[in-house]
Every structure is written in C-alpha cells, then in structure tokens.
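In structure tokens below, several structures.
Here subunit A shows up in two complexes: once beside subunit B, once beside subunit C.
For the complex of A and B:
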C-alpha cells in the first residue's frame, strides 16, 4: 500500500510541478476564421432582431446580396479591373524603384549620406495630400494615380531594403572577400539573397499602403474602380454597397498578404 | 610558398593589440598560434590574409604559389561562414565561379573536395540540415577547392563540441598527411595546438608579442588523444600562459 497523501504530508514523494509553459506562439489555424464568423454572425443576429438599426450597420446578408448583384451584373469586373491595373502598375513601379534605391543606399556611403535624410523627409508626408500636385504634374488620367501609388510604396520599400542590406551577415561578406570574389559577385550572390527576408517583409507593408492609396486615388476623379464605387455608395448613404466595397478591399489585402507569404516560403526555404 | 611576417605592429586607435611580431610560416607546415583572450591572435590572422593592413611592418609572400592555386591565402572561419541559401555543393561552387574554369573542371573539383571531406552524400543538403562538424567540413572543402598555398584557420574547431572536435582533428590530420598544406592555425585550445602544430607560437597578452616558439618533432599522424609526451608539452604551454590568461581575464573590456 502506498503512502496516504492526506496523512503523510512530510515524507511523501511529490511530483515536481510543471512551470515551463507558455510564451511560445503556437499556430491555431481556424481561430482567425472563427473570429470573423462570430463577428459577422453577431452583426447578422443584431440587425435581424432590430437591436442594431439598419442605419448603424447594414445586414451582412444584404451586403452579400449586393455583392452577388455586383457580380451578376458584371459591374464587379468593371470596377475591379481598373483598380487591379492601377495597383499592379503603381506598386510594381514603386517597389522596383524602392528596392533599387534601397540597395544603392546600402552599398554606397555617399548615396546613403545624401538620400537617407531625403527619404526621412518624404516618409511622413501623407501622400494623399500630394494628389492635387500629381494631377497637375501627370494629368487627371491614370498616370497621376500610378504616380501616387508608386510614391506611397516607394518610401517604405527604400527604408526596409537598406535596413535589410545593412543586416546581411558581415562575416559572409568578409568570407567572399577573403576568397577573392569580385564586388559584383559579392553583391549578387551574398548581399542580395541575404537581404531578401527583410525586403519581402518590407513589401508586405508597402503593398498594404498601396491598397490604401489606390482607394484614395480613385476617390478623386475616377469613373470606375473600387474606390469610386465606395465613394459613390457613401455619397448616397448606401451602406450595403459601401460595405461590399470595403469587403473587396479586405479580401484584396488578405490575398496579397497570402501571396507574399507563399513567395516567402518558397524563396526563403533555406531559413531555419 | 612561404609567408614571412616582419616587425608587425597593429593598433586600433590608441589600443595597441600587436607589437613587433616576426614569424616565418614554412611551406607544408602547420604553425599554431596560441595566446590568452584578446591577445590579437585573430587580428594577426586577418593581417596575414590581407583583410586588414598592419599599422607597422609587412606581410610577405616568398616565392610564387603553385600554378593551379586559385586563392593563395584562404580562410577557414570559426563560425563556418556558409551561405545558408546554397547547398553544400553550391557553397563550394561559389568560390570557383569567379575563376575561369570550365564546367567540367568545376564539377571535378567539387566532387574531389567533397570526397576528401567525406561529404559526397550530402552535396545537395542545405547548411541548416547539417551538424556543426559537417558545416565546418563544408567550409574546409570550400577552402581546399581553391587549392590554397596557405590555409588561415581562425579557431576552426572552437564552435564545436569536444567529441566532434576530436573527429575533425583526425580528419584534418588525414587531409594533411595525404597532401601536406601550409597553415596558420589560431586557437585558444592547447590540446589542439599540440595535436595540430609543427610549431607553436605563444603570444603574450595585449599587446601581443611572441613569448616563445615551440617546435614539435613528432609526426602529426602519430599524435593522438592523451599522448603523454604531448600532455607534457601542453602542461608546459599552460604554465607559460597561466598568469597571462588570469590577468587577461580580469581586464576590463574597453573596445
């Protein structure tokens, strides 16, 4: 018979209590989705029951209906196609120039000394405030919208890129030099791949900013586009449409973020 | 090809790290450099390989390296310095790509050095899949690939556990026995020094000066773990360094 835990307090063998748990992020896949579903579900129940007035929040089911209508009438593509084009052209332009300048800043001290203060000065300007200027410079057409989105993605990309170049392991560069590798090879084979993780995580932020600026650009003088659609809905206080537009933007954001995640997993599969 | 250091002194600003070092590295021999922490032994190695220039004195290459030598002075680093995004074979090929070699030559060199370091089966593995000992063997393979005249080894086994270190020492001795190479081997581990060195240079603490040079006649492949004559030498070295090491340990770091 073993010792009775109640009576023999003093000389029993006690299990050492575990105290090493927590502080380790664990991926729970479906909780994110569940939060969405619960929130939308609550909104649906609230609006159905009349607890939330239709002026405060549209019924989620109505938003879905509006979205279906938009899809059926083919208007979805009329709005989505120009928006996606603007996003693609603007973001590609801004990110390419940004990565280019960021790498140059990372590699050349003179360029760094000259450009870093300039980038710091441009970074905090809300690019939306410059839209009228862009309209004067590039006209009311697509060019000014491309420019706005490009400009907005440019600055955060520059900052992320030169930070990433600075963070490349110096011992690897020293190794390259000690083997007599050419400057060009060191940049192409050591610095650029080494800066990739930082550049990609910078792109994540830049692309979210690009979506924000896309809507801003389309609110000013665009016939079609998600931004124009939302603006029109807002002007008419058509909350269902407004929300349908907002949901499209959210989805776009999630989609881009997932795409970058996939690219990261592929390009950075060497990471531990 | 021999290396001659004549009257090398080096300072970082006001901090004098090396003082008047003169030393010959004869070809085909391994010269170990030992010394207490911060005595400038790694700095000395960087000076020898041209990664830094000495404040005073000069490093001379005597004679010309062999014709097929691609990088006369080649390092093996303590932290391996492998590109994590390249496979084992890719890391070796990295240092060959800048040279004018045919594809067949490159492939032959890679498979040759991987075979010599027993890595043939791991050619396609990424560094993250390898143990520390294997990573250092990749770095050694990479160094062998450029057919160096002198290997500059900066604490090559210090990041490894003691068992892996034993294994790798055997590997290095086997490599040397098959094809003698010259090397400057920096270490703080006296056991490594008496196992690997044809001569051992003992540096004093900062500013590093040569205190003594010891020559070991016993062939490398006849030395082994726990040899009593080596232990005796090791003890002698430790007695030389003990007080210096103690003093170096209690110095404030002001770099």
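For the complex of A and C:
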C-alpha cells in the first residue's frame, strides 16, 4: 500500500514502456530518390569538369538528351513495344510454369523426388550459352526469345515456390486437419495463401532475371528492342545511347518491383 | 695486326651495331593486340622473325576473341598497337580522342581472291544465284556498324536491292544461321567462305571486290596518344610490321619462294592461326585465306573516306567526325584508289 490512497496507480510497482515496434519496414518515399539524385549529380559534375573522361562515363545531361531524342523520334516505342512483349510473354510463361511445378513439388513427394534434381541441374546453366541451340529449335524470330526468357525465369520461380510451400506453418495445416478440412480446402485456404509471400519475393528475383535475359535474347537477330538498342550502342561505342538503354531497363526494373509490391499488398492483405 | 688497327676495328664494329638499332626505342616494351586470323600475319611474322626486335621493340602479343574488345583495350591503354576493320565503334572511339588509324593492313585487290558473297543453300535453291537477286533477302552481320553491314549495304546499293540486316553478334552464330537458312546471304573472307561452299551448306555467288574493288578492310591503329606523342616508337612499330607484311606478300602472293616458301610461311602462321588443328588440316585454310596486305602498311584513303561517309549516312556515327579525327597520315604512304 502506497502512502497516497487517492491515486489509482499506487497498485503498480513500476511502469514499463512499450517495447514492441521496430523490425518493420517503414516507407520513406524520398530517400531512394535522393540517393539517385546525388549519384547522378556527382557524375554530372565529374564529367563537366573533365575529372571523368568522356571515355569513362557519358555526361548524364547528354544521356537525358539522347533519351529525349529517342522519345521525340518515336523510336522509343519501336524499341520498347517488342521488348515489353517479349518480357511479358516470356516471363508469364516461365513464371506460370514455374509456380505450377513448384507447388506440385511442394505437395507431392514423388514429383519432388523426380524434379528437384532436374531443376537443380538446369538452374546453373547459363541460358545465354544455349541461345544458338534455341535458335535452331525455335527459329530466329520471336519464339526463341520467348523461350530464352521463359527458361530463365522458370528455374528460380520453381525453387522459390517449393521453398515457400515448404515454409507454410505446419501448425496451421494440422489445425485444418483437426477441424476436418478436406485436402483441397487445406491447399486452397492454407497452403497457397501461406506460400504467397515466398512466391512473390521469388517473382521479384525471377522478373529481374527476365529483364537481364532480355538483352541476351535480343542478341540474335532482333531488329528492334531495348536489348538490341543497347548492344548496337555498345558495338558503336556510343556511351550516351548505351546508358539511355540501360536507364530504360532500370526503370523497367523499378516499375516491375513496384507492381509486385502492389500485388503483395493486395494479395497479402490478410497478413495485417 | 697492331694494336691501333685492332682498336679501329672494334670501334667500327661497335658503330655498326649501334646504327642497326634505332636509338629512340631500345628494347621498349610494347603490347600488340591480335586476333587469330591470317589477316594478322604481319604482326606474327614480324614477331617470329625478330623484325620488331630489330626495330628495338620488345613486343608482347596479346590475343583477343573479337575486334571490339581490342579497340577498347587500345583506348584504355592496355595495348599499344593492333589491326582491325574500320567499324562504327572504331570511329566513335576516334571521335572521343582515344584511337587513331595509322596504316593499312588487309585490302581487296582486283585479281586476287578476296572476300566472297555467300548464299544459304535454301536461298540458293530458291533462286538466289547472283547478287543481282538480293532484293528482299536477309543479310547476316555481327552488329550494326560492322564491316559486314558496310559490305552488305554497299552491294545492295549497287544492285538496287533492298535487304534486311540481321545482327547475330558472332561469326559462329552467323555461320549457324546461314547453314540453317535463317539468313539468306553473307559476305566473308575466303578461308571461311570456301569450306562452307564445299560442304554444300552455302554457295558462293559473287566477290566483294566486284563491288568494292580496293576496299581497305583492316587498318593498323593505336591510341591517339601514341600517334601524337610516341612518333619514334610508332614509326619503329610500323617499320617492323611492314617487314612482316613484305615477307607475307612475297611468300604467299608473289610466291617468290615457290612451294617451300609457302610451306615455311604456313608453318609460321600455324603457330597462331588454327593452332588447335594439325598442320595438314590447317594449311589449306591458311592458304585459302591469302589476301593482299598493304605493302609498307600503306593506307587507302579513298576507301576509308567512303566507309566514314557510309557510317555517317546511316547515322551510325556522328556527322561531324572528319578524316583528320580518324586517321593520322603522317606515318605511311597513302593511296588514292
């Protein structure tokens, strides 16, 4: 009993501050942009002053100018349209098949036993090395490009997906079984939603790989495309065009990552 | 012999030895870039027969897989001299003040077997039997702005044909595409063209020299700094290189040494080109690849000018690049043909 009976806090010996919080990413929108601005600013100052030679790095302002020319001439869309198509078709094919096989591996032990070594065997193959073969198999036109991107996104998606299925909380599955849920119901209501965070973070990686492979896919016989544009700029040692192309790929990467972020927020709204 | 006579003799010998090696670049270490092609024989011969050493240069040969990285290695100062085709990339590097063309190497010459125009078997059977029928066909090239692009475009213009160009990055990929009929036509040096035609996978339908009679295919180039500041060393290099070229032309084209001369030369070149095949198998390819190397590294300015203009007209390089930016004519004899 405290000396002051009027206050109610007398029962509490000691106040404890809230110890939760932290360890959760908080969105700070502008810091990412600031990092970009500072880096590009430094490059601009360096190239303007001659500290960085034109052979080492192009002036960021010249790159912007090249980009503007590309946009004005309408060539941007001529290059972007085929690339986006290749990316969409290839990545959709690879990711769908990858998620499909990944879920099957996660659910069925026979498929796991048969497929995991196979996936492990084809994962480290540099897909670029197979490009000439793909040209023979699928022809020099679009099909070989779709195939290369699909093949490249397929393996990481499979690995991420069965990993995600494996990581679904077993206690939840046991709980479903205790409540008498059917196998189908458990898969649909517990396993798939539970694996979704892992599948989506796997997709982030697979789609980045798809963008990387876009340049490789356009090495052979592509007349238009961002990858073809970058390769041509490299062959001509035109650094402004090279960087303009690379910036487009980076922007594509940022856009795709944002899109997956949005999908994550929608699909995983049950988490919060 | 008395003592005075002996001293005079020794002094004389020392003086002659001193004259033989230029004072400017005694045993300077330089690096020369090369591809494993017969067109680079000038460097191989000068190296093997000690012509570089005679010029006072301690040369190290460095091998590349493609011309593009070699040009960049020159620009970055990793290597000093190299031989490569004039391409959009080379012109861009010259514009950035990094490289300079200082001499000529491989060139087309009417009357000497040169680069061939090939048609794929499928296209040949469908009627592509002469360059006159190239209209609407697909022509293979490594990259936009490569020498293949230039040749194809020039042939098309001459025949009033409109062709599509397919960039396939590597010679191996182009050969694959030609064999499988994914491209219709291509132009390439004779030692690649002839075996392809022999195997039946492709057919020779014309000569590049019919369209570009004195085409300067490859040039000797160096960094702009070497060309401007290392005049002695650059002159010495070109001197040694030219001796190698003279030996090559004499043995392989004029055949002054007869069959033995050719065999000797092939054996020397085989150390560098097709070294993975036995000599008997490599020899025909090396002999098939024989084309004129410019005597004294002379440079055909008319051809270079035409190439520069073409690259500019295709907007592959900047319109304000001049011949002076690209070429330093102070080292070798220039040709107008």
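Methods note: the second predicted complex is superposed on the first by the 242 of 272 C-alpha atoms of A that agree within 3 Å, B and C clash if a C-alpha of one lies under 4 Å from a C-alpha of the other, contacts with A are read in each partner's own complex, and residues count from 1 in each chain.
By our rule, a residue touches a chain if its C-beta (ideal position, glycine included) is under 8 Å from a C-beta of that chain, and two chains touch if they have at least 3 such contacts.
Every value quoted in this text rests on a predicted model; they were computed, and no experiment measured them.
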Classify the contacts of A:189 with the two partner chains as first (subunit B alone), second (subunit C alone), both, or neither. first
Now for A:223: first (subunit B), second (subunit C), both, or neither, which partner does it touch? second
Please work out whether A:55 is in contact with subunit B alone, subunit C alone, both, or neither, and reply first, second, both or neither. second
Just subunit B (first), just subunit C (second), both, or neither: which does A:175 touch? first
Just subunit B (first), just subunit C (second), both, or neither: which does A:111 touch? neither
Return first, second, both or neither, reflecting whether A:200 touches subunit B, subunit C, both chains, or no partner chain. neither
Using the superposition on chain A described above, determine whether A:132 touches subunit B (first), subunit C (second), both, or neither. second
Touching A:237 in the superposition: subunit B (first), subunit C (second), both, neither? second
Interface residues of subunit A shared between complexes with subunit B and subunit C: none
Mind pulling up the subunit A residues that touch subunit C in the complex? 54-55, 132, 135-136, 139-140, 219-223, 228, 231-232, 234-238
Per the touch rule, the subunit A residues reaching subunit B in their complex are 171-172, 174-175, 177-182, 185, 189-190, 193, 270-272
Would you mind writing out the residues of subunit B in touch with subunit A in their complex? 49, 51, 70-71, 73-75, 77, 79, 81, 83-86, 94-95, 97-98, 126-128, 142, 146
If we count contacts the way the header does, which residues on subunit C are in touch with subunit A in the complex? 68, 71-72, 75-76, 87-89, 92-93, 96-98, 142-146, 164-169, 172-173, 176-177, 180, 182-183, 316-317
